[in-house]
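In what comes next, chain A is part of two complexes: it sits with chain B in the first one and with chain C in the second one.
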Partner chain A sequence: MDKVFVIRNGAADGLPSRIVLEAGEKLKLTLVVMPGVSCERSVRVELNGPGAEADIAGLCLCEGKDRVSLELNLEHNSGGCTSRQLFKSLADDAAKVSFSGLVKVAAGAQKTKALQESHALLLSPDASVQSQPQLEIYADDVECSHGATTGYLNPDEQFYLRSRGVPEAEARRLQLISFISPVLQRLPEDLAAELSEAL
Partner chain B sequence: MLLEIKGLHASVAGKEILKGIDLQIRRGEVHAVMGPNGAGKSTLSAVLAGKPGYEVTAGSVLWCGADLLKMTPEERSWAGIFLSFQYPVEIPGVSITAFMKAAVNAHRKAAGLPELKPAEFLKLLREKMAFVGMKPEFASRSVNEGFSGGEKKRNEIFQMAMLNPVLSILDETDSGLDVDALKIVAEGVNSLRSPEKSAIVITHYKRLLDYIVPDVVHILKDGRIIRTGDRSLVEEIEEYGYEKFNG
Partner chain C sequence: MAERNEKILNALDSGGEYKEGFVTDVEQEFVPKGLSEEIIRIISARKGEPQWLLDFRLDAFRRWQKMTPPTWGHLELPKIDFQDIIYYAAPKRDEDRPKEIDPALMETFDKLGIPLQEREMLAGVKPRGNVAVDAVFDSVSVATTFRKTLAEKGIIFCSFSEAVREHPELVRKYLASVVPVGDNFYAALNSAVFSDGSFCYIPKGVKCPMDLSSYFRINASGTGQFERTLIVADEGSSLSYMEGCTAPMRDEHQLHAAVVEIIVEKDADVRYSTVQNWYPGDAQGRGGILNLVTKRGLCRGEGSHLSWTQVETGSAITWKYPSTILKGDNSSSEFYSVAMTNNWQQAGTGTKMIHLGKNTRSRIISKGISAGHSQNSYRGLVQVGPAASGARNYSQCDSLLIGSECGAHTFPVIRNANPQSVVEHEATTSKISEEQLFYCTQRGISAEDAVALIVGGYAREVLQRLPMEFAVEAQKLLSVSLEGAVG
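And then the complex of A and B:
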């Protein structure tokens, strides 16, 4: 299944808390947390048969006093499964984001491939982002990696854009689009346009 | 006078790089600034374009009589200054079209003109891409992402053609280019030359100046212009190197 879940105020998002994938089943899931939302969500994905694949991406756009806490647990219970997670967060004003991603590879789940990445941009000195990538591996023939970065807008990018006459605020918007583009590309056009406008 | 630099001193991270630059450029003139590595050539171009982190500690820069150093990078662009970067920046996920649309419309707004209609903008974009020999598919590619060295430099000259500057500063535009790419870039620059337009060509080598022939040549060494002459100075440098020139 290929699903996009959008968490916005006053609307049901339908995000399940548990997803089970049997042999050969494929999941493509994209989660978007809109600005102005405070929420806590936890999703557990179980890969229970060989050939199951989970491709999960998330995007948090947080501002004001938003408090967002996301927890994603990937359980590789069977060997020969693949999982990929990519999380991008923008934290502005006094927003706080926490992301915890656990990849658990069960004993005997050989030939597991798991990739986990989480990247955050801090847009204000009062914003904070906490990333907790965790790997728990009980098999020996696996390919697992994780990476987490938290940073600020790249001043060289900003200068390049401004040197062409793009005003500072618009340059910043283009930089934010650049940062979230890997997730933006997974979204339907109208939603991608709405997000680009909201930045 | 188009550009008037007087006694310019500038520092980066507390270290003085420019130690008193005097330089005057009139409309229609092409100036070459040559010098060894570490002389301050790129610092000079960065200061003129307004790159953050470069602190001017003394001196002045006038642009058509106005204080250039008080202007933001975008205001300098609107005023007609263009810097072709030595290392163009990659911006994944932002297309050349989106980038240029933002740039061109900001220029038009600053000039009190309405935004271009989408069809007018696309026509301009295609025309200028063809002008520098860029393939049309580059329009939808992310800015500089995965471009070869030559493609990046060509993209700089394309942006220059789009924005039609009064003063173009070419910072080591020849670095990393093979002869064919160099010729294309030089042709692009030369075809933008006019009695109204000026350029500063910053380079280490004579090579680019065989194609873009300068009116005035300066040697920049250890943060100072130690010699100014006509194009015959280029030959002298080629023959003797920078060693023999001392301030």
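And then the complex of A and C:
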């Protein structure tokens, strides 16, 4: 399954709350939360057969008084499965974003590979983010890692662009696009264009 | 593969002998079993405490009665019957020679490698690298060494009970100022029944000339230990503090619920190191200490610095999260931890870094090693408040798994509300790889030494932060636990 789910106001997104992958099945899921949306979503992905692969990415663009809370639980119930997660969030104005990602490796699920990354940028003094990247591991022959960062737009990069004649607003936009581009690349062209426009 | 694991596990079981598991036979006095206002009054009266401290205890007790034990830890705690614990046990004093330490106690601490005599290292040579020790045996402090040398510099280092008698103004000012009475279930319990512990005050601008140390020993059966440590480092002072602990081997669990509070004023520097070696229980998971501890430091002044270093190898269950509140601008804190669990041990440890001041920095390095059927979790919080511009945190939490029956978990929380701060967290979980082992064995290093070497290298970043004496002990502890880890 290769699917993109877009969460916008007043439209059904069809995001399932539970996905089960059997042996050899592959999942590529991309989730986009549009600006101006407040939502709470929880997705559970179960990897139940050897060779199953889950590749999940998400993008949250939050502004105004948006309250976005995402929860992703990845359960490696069988050995030999691979999972990758990549989440990028932008929090502007008074938005609050929270991301909680759990990778659970059941006893006996050997040769599991799981990677989780979540990155957030704070763009305003009133915005806040919360990240909970969690690992719960009951098998030893595994390679699991997670990384989480929160930060702000790098002033050195901005200076570099501006010293080369790029106006401040445009420099900022370029920085933001480069931050979200790993997820942007997975989206259909018209949606990617719409998002770049929204920045 | 499975066979290799089994061999490592077997070796771990036989190798990890607990050498401090003996019991000292001394006459002791106890208060009756159980917990009530009456018991608290008895403890307070026996220690000859002033009214304000009794009120403090009773207030804590009343709050505790309304509280419930925290359940958020990834731990399976046995139900603790708080009425089945003796809250105060003290070795009887010799009426004729009240000033001298009971030779049996002296011998006990000697056996543990903790000198209670201020002897010179070598005749005619000035003592170098001395450590002042406050030794706590069950509920009372039996000796504090090098007090004269320290007093010359204006440093106060004594048992908590003594501090209450001699420096009530300091104790009153700082007690419960970092860990409030009602902070959590176990801290409230400690506030109600705390027996003894260490008190330390470093005056303005003084660099403490030697490492200070507390050593906690549980001896009596059926008792709990509830010590309280209060450290105050005044402006511009510096201190290195160490804490160690052991207990006898018993089939029943014993409760240890301590509170440590550290106040760091402007430009002061405190290093707090712990080597925790409580009895971990036997290979079947019987007995062992329940180590439920609240430790917290407050970097109150500008430019203050607090560093936590811990090596956790003991206890059946550890519930311990040394934290720092970074209140002063430009203050900084570090947390370095190695937690090793084996057999049926469970460890929940980690830290909280609360950034409130501007340009505050923190660094978290946590290394977990789980073997046998043990469960080892890191749980941490990094919070950046709206005013903490320029705050910076870096966290790294690695877990090493030895054997397929154990678990390693990481539960960090990152909360950031300042757009001029950076928080980074990374964690990895893996086992000792076949390639690493092969590389070593192929060069003639036995598999057993190879495992010890790899684990040593893995924990090195933390171990090298420990003061010299402690680093040696910690290294020994880790290698004892891994002794004979044949591949």
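The working rule: the second predicted complex is superposed on the first by the 199 of 199 C-alpha atoms of A that agree within 3 Å, B and C clash if a C-alpha of one lies under 4 Å from a C-alpha of the other, contacts with A are read in each partner's own complex, and residues count from 1 in each chain.
Heads up, the rule we're going with is that a contact is a pair of C-beta atoms (placed from the backbone, for glycine too) under 8 Å apart; a residue touches a chain by one contact, two chains touch by 3 or more.
Keep in mind the model is a prediction, meaning the values are calculated, not measured.
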Chain B versus chain C as contact partner of A:165, first or second or both or neither: first
Per-residue touch tally on chain A - higher for chain B or for chain C: C
Which superposed partner A:64 touches (first chain B, second chain C, both, neither): neither
Which of chain B and chain C A:178 touches, first, second, both or neither: first
First (chain B), second (chain C), both or neither touched by A:140: second
Which superposed partner A:188 touches (first chain B, second chain C, both, neither): neither
Touching partner for A:156 - first (chain B), second (chain C), both, neither: first
Chain A positions touched by chain B in one structure and by chain C in the second: none
Parts of chain B lying in touch with chain A, wherever the complex brings them together: 49-53, 72-74, 76-78, 82-83, 85, 88-89, 91-94, 98-100, 102-103, 106-107, 110, 142, 159, 163
In the complex with chain B, residue positions of chain A that touch it: 155-157, 159-168, 170-171, 174-175, 177-182, 184-185
Residues of chain C that touch chain A when the two form their complex: 1, 5, 74, 384, 386, 399, 401-431
Chain A - residues contacting chain C, complex: 107-108, 110, 120, 122-125, 127-152
